[in-house]
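For reference, chains read A, B, C and D in written order, and residue numbers begin at 1 within each chain.
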Amino acid sequence: MNNTIFILGVGAFFLMMIGLYGVLTNRNVFRLILGLGLMETGVNLFIVGASYWKGGKPPILGTVFETKAVDSYADPVPQALVLTSIVIGLGVTALALALMVRLKETTKSIDIIETKEEEVNE
Amino acid sequence: MNKIAAIFLIGLISAGALGVYISNLPGKKPFKRNGHNDISRAYMTKTANGGKRNVIKKGDRKLENSSSNIVTAVVLDYRGFDTLGEVTVLFAAIAGIGLLLGGSRRRRIRPAGPVISSMAPWIAAFIIITSAYIFLHGHLSPGGGFPGGAMIAAGFLIMVLGMGSRAPKIFKTIETFGGLAFITVGVIGFLKKGSFLQNAFGSGEVGTLFGSIFLGILYAIIGFKVAAELSSGFGEFVAEEEGKHE
Amino acid sequence: MKYSIFLIVAPLAAAFTIPMLGTYLPRLSKLIAALMLLAGTALSAWLLTAYKAQTVIVIGGWMPPFGISLHVDLLSLISVTAVYGATLMATLYQLFDGQEKKPYFYMLILLLTAALNGMILTGDLFNLFVFMEIAGISSYALIASGNGAAGVRGALKYMIVASLASVAYLAAIAIIYSTAGSLNMATVASGMRDLNPVVGALVVLLILASVFTEMEIFPFNSWVPSAYQGAPSSVSALLSGAVTVAAAYVALRMSYIVFGQGMGDIIRYGKFNVTNILFWLGVITVITGQAAAYAQADAKKMLALSSVAQMGIILFAISIASDLAIYGIVFAVIAHSLSKLLLFMVTGKFVSASGTSHWAKWKGLGRENPLSGGLFLIGALGILGIPLFAGFWGKFSIIGAAFKAPGVSWIGVYIILAATVVEAVYFFRLAHLLFEEPETKPVSIKSSIWFRISTALLAAAIIGIGVYPAPIDKKVRKIPTELSSKNTEGYISTAYRAMGR
Amino acid sequence: MSAVNILILIITLVMLAGAAAVVTMKSMIGAAIMEGIVSLMAALLFLKMGAPDVAITQAVIGAGLSTALFVMALNRAGIDEKEASDE
């Protein structure tokens, strides 16, 4: 068992769970978005951590590079996935904040649960 | 949901995760690997299409891919279609913001104090030059189009907040041409080599700035597009002048 | 077949032109959106008629386990055609009969189309995630583009549930990549077999949970009523007519190909038989959906919950996993898509004429406007599965398959039949009210020529498939053999042949 | 435990403490800034895991742009801190 990986895995898992707690216990949209952000960060750490092994160096080819030395580099694929996932997270967060601003403009509150039935005007 | 129920649910999930973890210990295949699988090994030795395993170092030529940063090679070349999707995610989010917040009324932005207003263009220029370096060297060193573009947007935001200017319409045109350019690069690959987003520009020397035209073009496109998108989208969030909102 | 890539890329390219055109020539951008969807429908229909055998389309020139590839088979082409047709209808409805919308609205519809097609065609798990996120983001924005606060609330609820789902999906991806060592569906499918059973079951549940969020299956569908109610009618029609098609397709492929282990015993890891979970989730979804729809005073929420129940039936059929069941699923999905498009389009007219979506206030609207009333009735009959209407073949085959299947599937049949009775009650209750003698003269509905043409086409399709299913039947009959993993020409072998090993 | 492990442990603990602060803090702007700190710590962890590309992206997007976006959105919506106490 590798200590580094254990710490990373447990840390990522707890980060996700703290985020989930934030999502479950709040009705305030802003805090919901913050909780989702924590969960996203946690799962990103988890993706890189799940494929990490001790002593993984940045996967950038140096001046001298033997085919055997491949083993000293960290796995590049999860890193590429996480890059994508971070940018997607930014998109979702930005749109969620725009929705929050709209909600505040239309209802004067940022509570996700409606106080009374609202009519649709189409 | 009340707090006790939430804690209970989280406890349940944690217990489940612990159970999975323990049951995995004597499992057939362990969670953790201690080396590369076939796919990541092929990416690193640049033999995904069955080439022979070369000694790869700076200065090697005619490999299937000439990026010395393997993550960039994966993001832009081996999994380039994901990156097109990623650009589209941001594009969709910014379009959504435009649809929701882009009112027809003109909002005036209150400029910051004199010190910040006079400093803002310089700080912005510095950030923009740094980020141009980051996205042009994406295939050599860590960085690339997304952080580079995001930094340009940050520089632009400083300018907006400091000087009170608004996002000009030209950004919309950059968004359009950036997206179309990405697809054009893909279609060129389709027409010349037979599959979408295939590298039709050849690959040069590993580890040089102009060694990889394909990756350079793609990261430049992404950098400009992300910068334009984020600047115009985030501009919508800038608070309007005091007393104007109701 | 190699042109299939343009089913995804062409709408993306059209969407990319809109920020500029929308700023300078807003009218042209709407025209481009409509023309693009028309061209896409034509392209997908052409590919469907030219279809010969399963193909893997390579992207970027990298062979399947290394690069991302598209996997084109008969079912995916049928689904893509359905998605394009549904989007085209909804867009024309919005253009000619809906409220004035900004160019961005049509751009998001194009992005949604591209993303749904990507979800259907892609052969890579992470690529599927990216497309699910694009589809999600464009749907949130489209739902929130309605006037009131209801749309924004619905979009936020959808967003929060879907974001939790995407976190679950990513966690599953992390486990899959670190164990199976690949993200290509075919490689994962062969790698999942020798996985630790507990981990395997966990991965399957995490991924299916996130697919079920889009498919509106029971514990993950709390967002459905408010999102459908708050969205503009054209967007509700899209959610019901296009998004569910893609989601049902993904659920089917996940459970049969990626995680399945041969028909009849589809997902089993050691002691964990995930198939049973699918079965019970499907049945519970049908019961809760129909019960909630019966109690619903809001017509759009009622239709939304009826969609939920239909998806429950489809999940139930997925858990049966016989050739007849797959045949039924395809028919049921097509019939549901057509009927719900028609129902939401007509309902949108009723809402805008009466100014409310509470159906109790629609007394006599159908008597005043017999065309719309009749169309509503046809849509309802199509959903219910009455003989001579499209829904019949789907439900009939699913029920037949359930009776033939071993185990407890027959329980599901009685539940589906009972639920159909409930569904009939609330649809006919509404239809009866529409044709009742009103106290005050109701408003007459103004509709464009496009509304009449497209609804007439939909109604003709519903009745046409119901009366004479032979042309579709000929295609659909081939699907079970293609999906069956016993068949050597199946998905995995096609992908492996493309890999050249 | 080696020195690297202790460093990683400290970063992880700071990150988790920051996350706990995000969830419990009364002030919304404070919570947004704490989220930025969590992102920064995550970026350091990525760097330790041999992923400099991800670390740069996480630092620029997670810690920089997102935090700015949170604060700007609060301003734009005109949300005052009194509403921060929920329920």
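Note that a residue touches a chain if its C-beta (ideal position, glycine included) is under 8 Å from a C-beta of that chain, and two chains touch if they have at least 3 such contacts.
This is a predicted model, so every value here is computed, not measured.
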(request) Could you tell me which two chains share the largest number of C-beta contact pairs? (result) B-C
(message) From the mean C-alpha coordinate of subunit B to that of subunit D, what's the distance rounded to whole Å?
(response) 20
(request) Compute the distance, rounded to whole Å, between the mean C-alpha positions of subunit A and subunit B. (result) 15
(message) Please tell me the distance, in whole Å, between the geometric centres of subunit C and subunit D computed from their C-alpha atoms.
(response) 37
(request) Give, as an integer number of Å, the spacing between the C-alpha centres of subunit C and subunit A. (result) 28
(message) If a residue has to touch 2 or more other chains to count, which residues of subunit C qualify?
(response) 126, 130, 133, 137, 140-141, 144, 152, 175, 178
(request) For subunit D, write out the residues touching at least two other chains, lowest number first. (result) 51-54, 57, 61, 65, 69, 73, 76, 78
(message) Using the touch definition from the top, which residues of subunit A touch two or more other chains?
(response) 20-21, 25, 44, 49-51, 58-60, 73, 77, 79, 83-84, 86-88, 90-92, 94-95, 97-102
(request) Would you mind giving me the full set of chain pairs in touch? (result) A-B, A-C, A-D, B-C, B-D
(request) Would you pull the subunit A residues touching subunit C in the complex into a rising list? (result) 16, 20, 23, 29, 32, 36, 39-40, 42-44, 46-47, 49-51, 77-78, 81, 84-85, 88, 91-92, 95-96, 99-100, 102-103, 106-107, 112, 114, 118-122
(request) Spell out the part of subunit D that touches subunit A in their complex, as residue ranges. (result) 1, 4-5, 8-9, 12, 15-16, 19-20, 22-23, 28, 31-32, 35, 38-39, 42, 45-46, 49-54, 57-58, 61-62, 65-66, 69-70, 73-74, 76-79, 83-84, 86-87
(message) With touch defined as at the start, can you tell me which subunit B residues reach subunit A in the complex?
(response) 1-3, 5-7, 9-10, 13-14, 17, 31-37, 39-41, 43-45, 53-58, 68-71, 73-75, 79, 82-83, 85-86, 89-90, 92-94, 96-97, 100-101, 141-142, 144, 146, 150, 206-207, 233-234, 236-237
(message) Give the list of subunit B residues in touch with subunit D in this complex.
(response) 69, 71-72, 101, 134, 142-144, 146-147, 150-151, 153-154, 157, 230, 234, 237-240, 245
(message) Give the list of subunit B residues in touch with subunit C in this complex.
(response) 16, 19-20, 23-24, 27-29, 31-33, 37-39, 42-43, 48-50, 77-82, 84-86, 88-89, 91-93, 95-96, 98-100, 102, 169, 172-173, 175-180, 183, 186-187, 189-190, 193-199
